[in-house]
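Alright, structures below, take your time with them.
Heads up, the next two complexes both have subunit A, just with different partners, subunit B and then subunit C.
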Partner chain A sequence: MKTSPYGKIPGALAAGAGVLLLLPLAGIDAFFLDVLTLGFLVAVYAGSWDIVGGLAGQVSLGHALFFGAATYACALLTSLAGWPFPLAAGAALLLSTAAGAAVGTLSAPLKGPFVALLTLVLGEAAHEFFLGQMFFSPRGGYSWGGEGGIPVLLRGQPLSPWAAYYSALAFLVLSTWLMLRIARSEEGLFWTALSGSELSARASGVDIQKHKRRAFMVGAALAGAAGVGFAACVGRATADDFSLELSFQAATFAAVGGRGTIVGPVLSALVLHSLLQGTGIPPAGRVLLYALALLVTLRFFPGGVAGTLRERARSRRMVLPGKGEGR
Partner chain B sequence: MPPLAQVLVDGVFTGASYALMAAGLALILGVVKVINLSHGAFFTLGAYVAYVLDSKGVGHPVAAVFMAAGIAFTFGVFLGKSFINPVRSHPFSVAVGSLGFAILSEQAAQMLWGPHPLSIDMGLPWATLHGVTLRRWGVISFLLSLGLIGGLSLFLSRPWGLPLKLIAEDEEIAGSVGMDVEKIRYLTFGAASAVAAIAGALLAPAAAITPTMGRVPLILSLIVVIASGMEKVWNIFFLAIGLGVLSNVSAYLLAPGGSYLLLLGIVVLLLVARPSGLSVAAPGRDY
Partner chain C sequence: MSDLLLAEGITKSFGTNRVLRGVTLAVGRGEVVGLFGPNGSGKTTLANIISGLIPPDRGRILFEGKDVTRTTMDARFRAGISRTFQIPDPYPSLTVIESVRVALLCGKPARHAGGEEKEGMEERLESLLVRTGLFSQRFWPAAKLSQGCLRRLEFARAISCLPRLVLLDEVFSALSARDEAELVGLMRSLHREKGISFLLISHNPLILEELCDRVVAIEDGRIFWEGKPGDLAKYVPAANHAHGREDGMQEEG
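For the complex of A and B:
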């Protein structure tokens, strides 16, 4: 796109990717390597939210449901059922996609705030269920689950921090590219139409329920992929993977980075996660800062960072400044 | 293990206070026209205020109620005036922002008072009837809730309640007859938040006081509001009592977490069964 408002970004992106490639070689310590590795996975998770909540405009407050479904599937299938990890990862991806299809089907007839309400409630229900659900290991008689979590068995050599870092980085770059491709495909166009006005989308003959469901499936599959990576890196799945805080974080990253731009949420997730995690703020303080950042962003950019900036740029170009479309 | 009769009576008492919470949420939905996910935070605030006052030796429910209402009103007016009103027309900002405020206050409560459940001494049984004990605080909270609900019902049926009803009906007409719609909106938001905090203060002795305790009453109020409307205050009252009894009985018969799951399930069923939801709640009507 020649008239892209983000004309200067690809250069900055390339520079940023270069720095990220160089960092492990420049000898940062293992702690920061670990923070960044998880940051890449969180960034994919934030991008996957943006597919549903930004691009397609279906505000989901239960996105952790898909993430947690994948981590739990990985843990249960490797530890309880004894499956090899790659097979369990594939099954986890299928499961989270199916969960996306189910949530998408349920929420397809709903509008605006009710989609947020339904996804919030479904995520809370999954969290509450898995918080109380214990599993008993066949050997050793351990009791797993709840906040203590379930171990993920990788078998064989654990991934070295370097390998984990570079594979997570590759995963981030690949999935961001994929998300941008999807956003610019015909399907992405349908989603943009949905988020603009459902009424005019339907008037132009778009099967809105089908495309809503698809948006949820794609977003859930990507969140599931992030969950699989998370399970492999952390080696444990806990009930917190379903928590409202995690769902809320996804929406926060998207709101701060600019809803519907994919790259914005990915970058804001990476930056915010690394900053707050790297400075060693306790978890409660971290969530508090996320919430604060979100409220300030929403207050001053109620239509989204990207949307409000675009509107301001447009009204500056117009003859009568300030007399925009009133949207 | 308490007998079932005790569980039923306690359910009626807690349900009455939940009705206050639900009435506040309904008022916000009707007048401000947003689904306020931060409503539970004010409930939690009220409970912590009651706890702090109790630990300082001021154990009287009425003192807790006034203190909680005052604090929650100021916070509610602030939130309504400087956040909800400006972003009101953006459903994403309202939903995520009000949830953000709820999470912000949950974390703040956790930092101030810790994540562990706190409790208030219920006091001695006030009367015993056929093995069912009634406690002073429970009776006071029931009567206060009943009084406030009655007051709200009266308010809405009299000329003073007309501005609220008119704004709920048609905000443009309300504006054109000279009402300060925005001001009435944030005052309503503050009053509704105060009422939620009163419910929290009244229920504090009957519940474990934790930072996330506001989530259950929020979900319960959402059910009431989806199934009822703003003006039929007595519908809200009886529906909330029914749900209070239901959640108490299910917590008694199933696991303690079971009642929350049951309430969440009811929300899903209601939303799936009535996809159109509430007509008042959809600001950008899009048929």
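For the complex of A and C:
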């Protein structure tokens, strides 16, 4: 018996992916192609936040830590250690997941604002560390790091804009499908339960510390995967990859799209990122527009766009006893 | 009747307030024990300690002969001790059926130990919702249920994995006569068919008389009286003893 409200989403997602698939053929220019490519990666990153902060209810204000860990691992391992990119990408994913396990273990006994505070502190500590840290290349004696960042060496021919676009789109579709599968799994049910009421979850036999840790690990692994993609596309890791702005962006996308819905944050990240980057609005203006989008959404869609629509759909399914059965 | 649960010498203080003072309570296999007492007497604190929500300062909890004092509430649920809460705290984002499914999934080991693995999860879930009168509301968000339905949901969650012991904390309070009669009937049938033991916390002496094999009265953190439910009328609360003394003194004066 299917009880999840995600029933029709794969079809709509496939239709949206179809439009995006045909978009480059419509003669879109290289700049917009690049904006959309990064938008796909940011969308996966927003979805990864929603695993932790939406589904599992562990509001993370330092989610960029996992993203930055992956970009820096790619940069350091390819530029300094001379590893091939695929190997460095694998190591970066492992590192992000391990960071997720560590943060999840530290935050597991904490609740609500204390989880937000801990993640904020850890994310900012990493940001400050990499902002001031310089790395010396043994080959050539280059000095890298700080605001200038570290290059990511892909070796061989870089991907063409088309190839990068389609790779990122495939990554987004695959990741979203995976996140929805996880949301509908037993693990996703436990995360939603502990997000709603830790007390009832514990009384129902849910080992909340174990499941909180798992949520952080899965969210961090996906944020790391987005970071690897970002490192490959941009070709550089900078301290901004750990920035507070990036962490707050993820939380904003989730609030606008609908926390705990996966699709909502993914779509809101894709739309907002593409609109604001594509129109060339300066960073300060972008922050104001993000805030405006948040205010408007919370006024008309208190649970985020997808969250409020889901609630309305659920309300329609409520049938009074004796007046037929709901489905 | 061998002891299923033994709470031995339980002491608990919150700051300077001593809530439980060396309480010892046993529940036998298949026994229904009522816990009775005024507000603030320590009934819910004792239930919290038995279910693993909070640890005791002193004393130990033995369940099926094993010391479970240091285990968590979720581990005790999986071991076969479940409970309801006086104030239900539903999952706002989950429907009724999903809320019960969480407990059913987590309680797999307990269910398997009871030989219930043959029955499919979904069939079991549906029959549970039918028995607790929640089937027609199974797709409702749990947060939108009435008080009576929330109590039914608490009950469904608690009995979902056929635990050996269920702690019912004021589960019959604030219910309509119909809701109360249906839950009482369900509790009786579970006790009769599955041999589940219950520790029933209630203010209502009529409910305790109707359902319990034995009633324990707790006052000021101590076991004050213990007896047959039929003798509950003989139990005079400690506060009344004090009033009696005062009345006597006034009469003497």
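In this text, the second predicted complex is superposed on the first by the 278 of 327 C-alpha atoms of A that agree within 3 Å, B and C clash if a C-alpha of one lies under 4 Å from a C-alpha of the other, contacts with A are read in each partner's own complex, and residues count from 1 in each chain.
The working rule: a residue touches a chain if its C-beta (ideal position, glycine included) is under 8 Å from a C-beta of that chain, and two chains touch if they have at least 3 such contacts.
Treat the numbers as computed from the prediction; the structure is a model and nothing was measured.
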item: Contacts of A:199 with subunit B and subunit C, given as first, second, both or neither; value: both
item: Partner chain in contact with A:26 - subunit B first, subunit C second, else both or neither; value: neither
item: Of subunit C and subunit B, partner touching more subunit A residues; value: B
item: Contacts of A:190 with subunit B and subunit C, given as first, second, both or neither; value: second
item: First, second, both or neither for A:288, with subunit B first and subunit C second; value: first
item: Partner chain(s) touched by A:207 [first = subunit B, second = subunit C, both, neither]; value: second
item: Touched partner set for A:118, first subunit B, second subunit C, both or neither; value: first
item: Touching partner for A:314 - first (subunit B), second (subunit C), both, neither; value: second
item: On subunit A, positions contacted by subunit B and by subunit C; value: 197, 199
item: Partner subunit A, residues of subunit B touching it in the complex; value: 34-35, 37, 82-83, 86-87, 89-97, 99-101, 103-104, 107-108, 110-111, 215, 219, 222, 255, 257, 260-261, 264-265, 267-268, 271-272, 275, 277, 281-284, 286-287
item: Residues of subunit A defined as touching subunit B within the complex; value: 53, 57, 59, 61, 106, 109-114, 116-118, 120-122, 124-125, 128-129, 131-132, 197-199, 244-245, 248, 251-252, 255, 259, 284-285, 287-288, 291-292, 294-295, 298-299, 302-304
item: Contact footprint of subunit C on subunit A as seen in their complex; value: 1, 3, 186, 189-190, 192-193, 195-197, 199-208, 260, 311, 314-315, 317-322, 325-327
item: Of all residues in subunit C, those that touch subunit A in their complex; value: 51, 53, 72-75, 77-78, 82-83, 85, 88-95, 97-99, 101-103, 105-107, 122, 136-141, 144, 157-158, 161
